[in-house]
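Below, subunit A partners subunit B and then partners subunit C, in two separate complexes.
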Partner chain A sequence: MQFKSQAVAKPYFIAAIGLFVGQILFGLILGLQYVLGDFLFPAIPFNVARMVHTNLLIVWLLFGFMGGAYYMIPEESETELFSPKLALILFWTFLIAGALTIVGYLAVPYATLAELTGNNILETMGREFLEQPLPTKLGIVVVALGFLFNITMTVLKGKKTSISIVLLLGLWGLAVFFLFSFYNPVNVVLDKFFWWWTVHLWVEGVWELILGSFLAFVLIKTTGVDREVIEKWLYVIVTLTLITGIIGTGHHYFWIGTPEYWQWWGSIFSALEPIPFFAMTVFAFNMVNRRRREHPNKAAVLWALGTGVMAFLGAGVWGFLHTLAPVNYYTHGTQITAAHGHMAFYGAYAMVNLMMISYAMPILRGRAANSNKSQVLEMWSFWLMTVAIVFITLFLTAAGILQVWLQRVSDAPLPFMVAQDKIALFYWMREWAGAAFLIGLIIYIASFFVGGDEKEAA
Partner chain B sequence: MPEPILIPSAEAPPARRLPGDLAIWFFILAEMLAFAVFFSAYAFARASHVEEFNLYQQTLDRNLGALNTFLLITGSWFVVLAVQAAHQDKGPAIARNILLGWLCGGGFLVVKVIEYSAKFGAGISMSTNTFYMFYISLTFFHFMHVILGMVILTVLWVQARKGVYGSHDAHGLESGAAYWHMVDLLWIVLFPLVYVMR
Partner chain C sequence: MSGAFTKSMARNIFYGGTIFFFLLFLALSFDTHSQLPKRDMRANITPQIAEGKKLWEVNNCIGCHTLMGEGAYFAPELGNVVVRYGDEGVKAFIQSRPKEGIPGRRSMPQFNFTDEQLNAIVAFLKHVNSINDANWPPNSQG
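After this line comes the complex of A and B, so read on.
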């Protein structure tokens, strides 16, 4: 490790992995509730399990982003972190606030939680992905501001590279767009319109900048390709992301009461959204092929290539599958969306965090790369989780196509729940694929504890 | 200016040299793809609203459109002269021609604003009908590209005034010029498609 203060990334990474496990466990509960409706009812109803599953995802990704930034920024800026102490204080604040929120979800009914946490003062709760109680939302803002202050000050006092500027742009964007979670107009059209400014402009806008920046950093470190080449690619990817992603928000405005031109704008620009993801795939493979050194951390390179491919498939291809307005007219809110969501989040954001952890953790533990034995195990976990998510996506896609057909397209459309019963087989198969994913995750964690003794030369 | 990194090495035969940086070409292709999708959508929508499109096309001001075509082509010509001047090391002519190109772009914006104010003044909006939706979307999207092109020309002008470009290095100038030509080319497709073709 080049700078002592990079060590603050470690607790963030560990917390991220811990919350990831929680997310997957609740995913399995949720998957089972699709086929056994009263499983764990009334202790954990479906809506609560879903909320915990998606909120844990967001929180562990945020922990990963913060850890990644704390690791990367000192090295890019060639200076110690502005305040490692602040980073640790914010870590515990965020972890405790996050844990209390999850406990709140599980311990009391959601309406009671809203009452207890002052939702009547400023009504922000009850919206998908932004279910957090007001104190948690405020806590997120405080943590994000403290984190951004720390990171920005570090960049300002050190070297300013394109990679760190792109990361700052992504992280500041993340914080700014989260502010729309406090805006909750009574008009449902306006509510939905601005709700997407947080949700869409995160995952199809500023988060992609974080992804591009992390990927560029790890590729520079592992391939030894000239920084200039990598930065030029990063610029092209960033521009394409912003052009297609920002106006691409329109694909959420088809049926919520907005003017009709959104159907054209949304369709046209989201048809182009796969391009930046494709560029990222080409980027990753191109750089690895032109590598000037054989980095001992093969697992990190595998994650880097994997995130390129899976983000393109999950976000690019599976997204495009249903963003044209005439298609979306039928597929809106079906399992097709769930299929896309699973592969896109795993491919783009789970994998890029795992890539960063895979690259940084060995160094934080005092070695350039893990032992061969440990890396082999990690690569097994890569393939198990990735193949599992591919199958989850395929089964959900099949379920979605059938659902669209039975419930919406056929001459004698079936009611929602009847259609659900008919596609139960695919939900069962998805659940088995989910179990395989959990095994992959357990192996991933095991890889941290295996063969640590036979250290590679740092 | 940094050395070109992504173009073929200097030893490659001159005929195969790509003017400007590969990155800008990648960007230009992506931009043209976006417009291509937009143009296809226009054609697709027109196919099912032929009469509506023909009727409202008559309300567009073709003279102003033609004037704008002239302005952009002339602007491109000046930028070509600027690149040639750089290759021939005629220092002052580089900045002068870039400025003339920039003024043509400015003229385009003025004409477009006159055209828009007439349309918007008549109460036309994106929600009036499908034809006007495409007319406003396409021309406005292009309008933003003219502005971006002019920002790039401004940077080139400042650099040219500093004497950065010459036969030793016209890389940045060529990259910016390529983008400006794209803005021109897109209008040359857009104008007949939206204003003239029936």
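After this line comes the complex of A and C, so read on.
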């Protein structure tokens, strides 16, 4: 580790992995509820489990982003972090706030939670992914601002590389667009319109800047390719991301009361959204092929290549599959969406965090790379989780196609629940693939505890 | 990429392109807002509909259902549920959910709504159904 203050990243990474485990466990509960409808009812109804599943996802990704930034920024800026102490205070604040929120979801009915936490003062709850009570939302803003202050001050007092600048833009964008979560007009069309300014402009906008920046950083470190080349690629990728992704928001404005012209804008621009992901894949493979050194951390390189490929498949290909308005008319709000969501989030954001953790954790633990034995185990977990998510996606896609046919296309459309019963086989297969994912995750965690001949610190 | 295309050119295209497309997005959003009053039926929003939307939110209905296709995919679309079941049918369904669920089936919680609350929820769902959403969903099954 080049700078002592990079060590604050470690608790962030550990918390991220812990919350990731929670996310997957609740995912398995949800998968079972799809086929055994009354599983855990009424103790943990589906909506509660889903809220826990998606909120844990968001929070662990944010922990990963923050940890990654705390690790990367001092090294890029060639200076110690502005305030390691602030980073640790914010860590505990965020962890405790996050844990209390999850306990709140599970302990009391949602309506009671809303009553208790001041939803009457400012009504922001009960919208998908933004279910957090008002104090939690305010806490997220405080933590984000403190974090941004810390990171920005570090960059300002040190070297300003393109990788840092792109990361800062991504992180500031994340904080700014989160503010739309406080706007909840009584007009449901306006509510939905601006809800996407948080949700879409996060995952198909500014988060991709964070992704690109992390990927560029790890590629520089592991391949030794010239920084000028990598940073040029980074700019090209984030350009493609934003010129397609911003107007691409339009693919959410097809059927929510917004004018029909969005069907054109949304279809055309979001059809181009796979391009930046394709560029990212080409970028990663290209840089690894042109490597000037053999980095001992093979696992981190595998995650870097994997995130490019899986983000392209999940976000790019599976997104394109249902993004054209005439197709989306039939697939909107079905299991096709769920299929896309699972592979896109895993491929783009889970994997990029796992890549950063894979690269940084050994160094934070005082070695250039983990032992061969540990890396082999980590690579097994890579393949198990990745193949499992591919199968989850394929089964949900099959379920989705059948659902669309039975419920929306056939001559005698079936009611929702009748169609669901007919496709239960695919939900069962999805659940088995989910169990395989959990095994992969357990192996991943085990890889941290395997000893052997660690590579000396460089 | 050849040497002629430098990093600073890439950076300039990034800033220029982002600003251009963000402004274009703002312009489209602005135009949308001028057209929305004719489509979102905002003139018809009563305090009762507002109360229905609040009940929709604080009971996290979107955690299982979709509304105009957005939400979870565990339970039926509700943007057009009044077409499927009618006002009274919707109310009767919500009221009759068993507290302990239905063995082996996906079960909706019993929320113990008052008649006034049920009326507000139905008013909200009827309002959503009246929004001009480009003729979605394809049929009444949602």
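Methods note: the second predicted complex is superposed on the first by the 451 of 458 C-alpha atoms of A that agree within 3 Å, B and C clash if a C-alpha of one lies under 4 Å from a C-alpha of the other, contacts with A are read in each partner's own complex, and residues count from 1 in each chain.
Here is the rule we go by: contacts are C-beta pairs under 8 Å (C-beta built on N, C-alpha and C of every residue); 3 or more make two chains touch, one makes a residue touch a chain.
Small disclaimer: the values here were computed from a predicted structure and weren't measured.
Comparing subunit B with subunit C, the partner in contact with more residues of subunit A is C. When the shared chain is aligned, no partner comes close enough to touch A:Tyr349: not subunit B, not subunit C.
Look at A:Phe178: by the touch rule set out above, it reaches neither subunit B nor subunit C. In the overlay built on the shared chain, the residue A:Ile275 is in contact with subunit B alone; subunit C does not reach it. By the touch criterion stated above, A:Asp226 is placed in contact with subunit B alone, subunit C being left untouched.
In the superposed pair of complexes, A:Pro413 makes contact with subunit C only, with no contact to subunit B. When both complexes are overlaid on chain A, the residue A:Trp264 reaches subunit B alone and has no touch with subunit C.
In the superposed pair of complexes, A:Glu128 makes contact with subunit C only, with no contact to subunit B. Shared contact residues on subunit A (touching subunit B in one structure, subunit C in the other): 228-229, 232-233, 235-236, 239, 243, 259-261, 265.
Here subunit C touches subunit A in the complex through residues 1, 5-7, 10-11, 13-14, 17-18, 20-22, 24-25, 28-29, 31-32, 35-36, 39-40, 42, 45, 49-50, 53-54, 56-64, 66-77, 99-107, 109, 111, 127-128, 131-134, 136-142, going by the rule given at the top. Those residues of subunit B that touch subunit A in the shared complex are 2, 5-6, 21, 23, 26-27, 30, 33-34, 37-38, 41, 45, 126-127, 133-134, 137. Put simply, subunit A touches subunit C in their complex at residues 33-34, 36-38, 41-42, 45-48, 50-51, 110-111, 114-115, 119, 123, 125-128, 131, 162, 184, 186-190, 192-193, 228-229, 231-233, 235-236, 238-239, 242-243, 246-247, 249-250, 252-263, 265, 329-330, 332-335, 337-338, 407-409, 413-417, 420. Subunit A meets subunit B in the complex at residues 226, 228-229, 232-233, 235-236, 239-240, 243-244, 259-261, 264-265, 267-269, 271-272, 275, 279.
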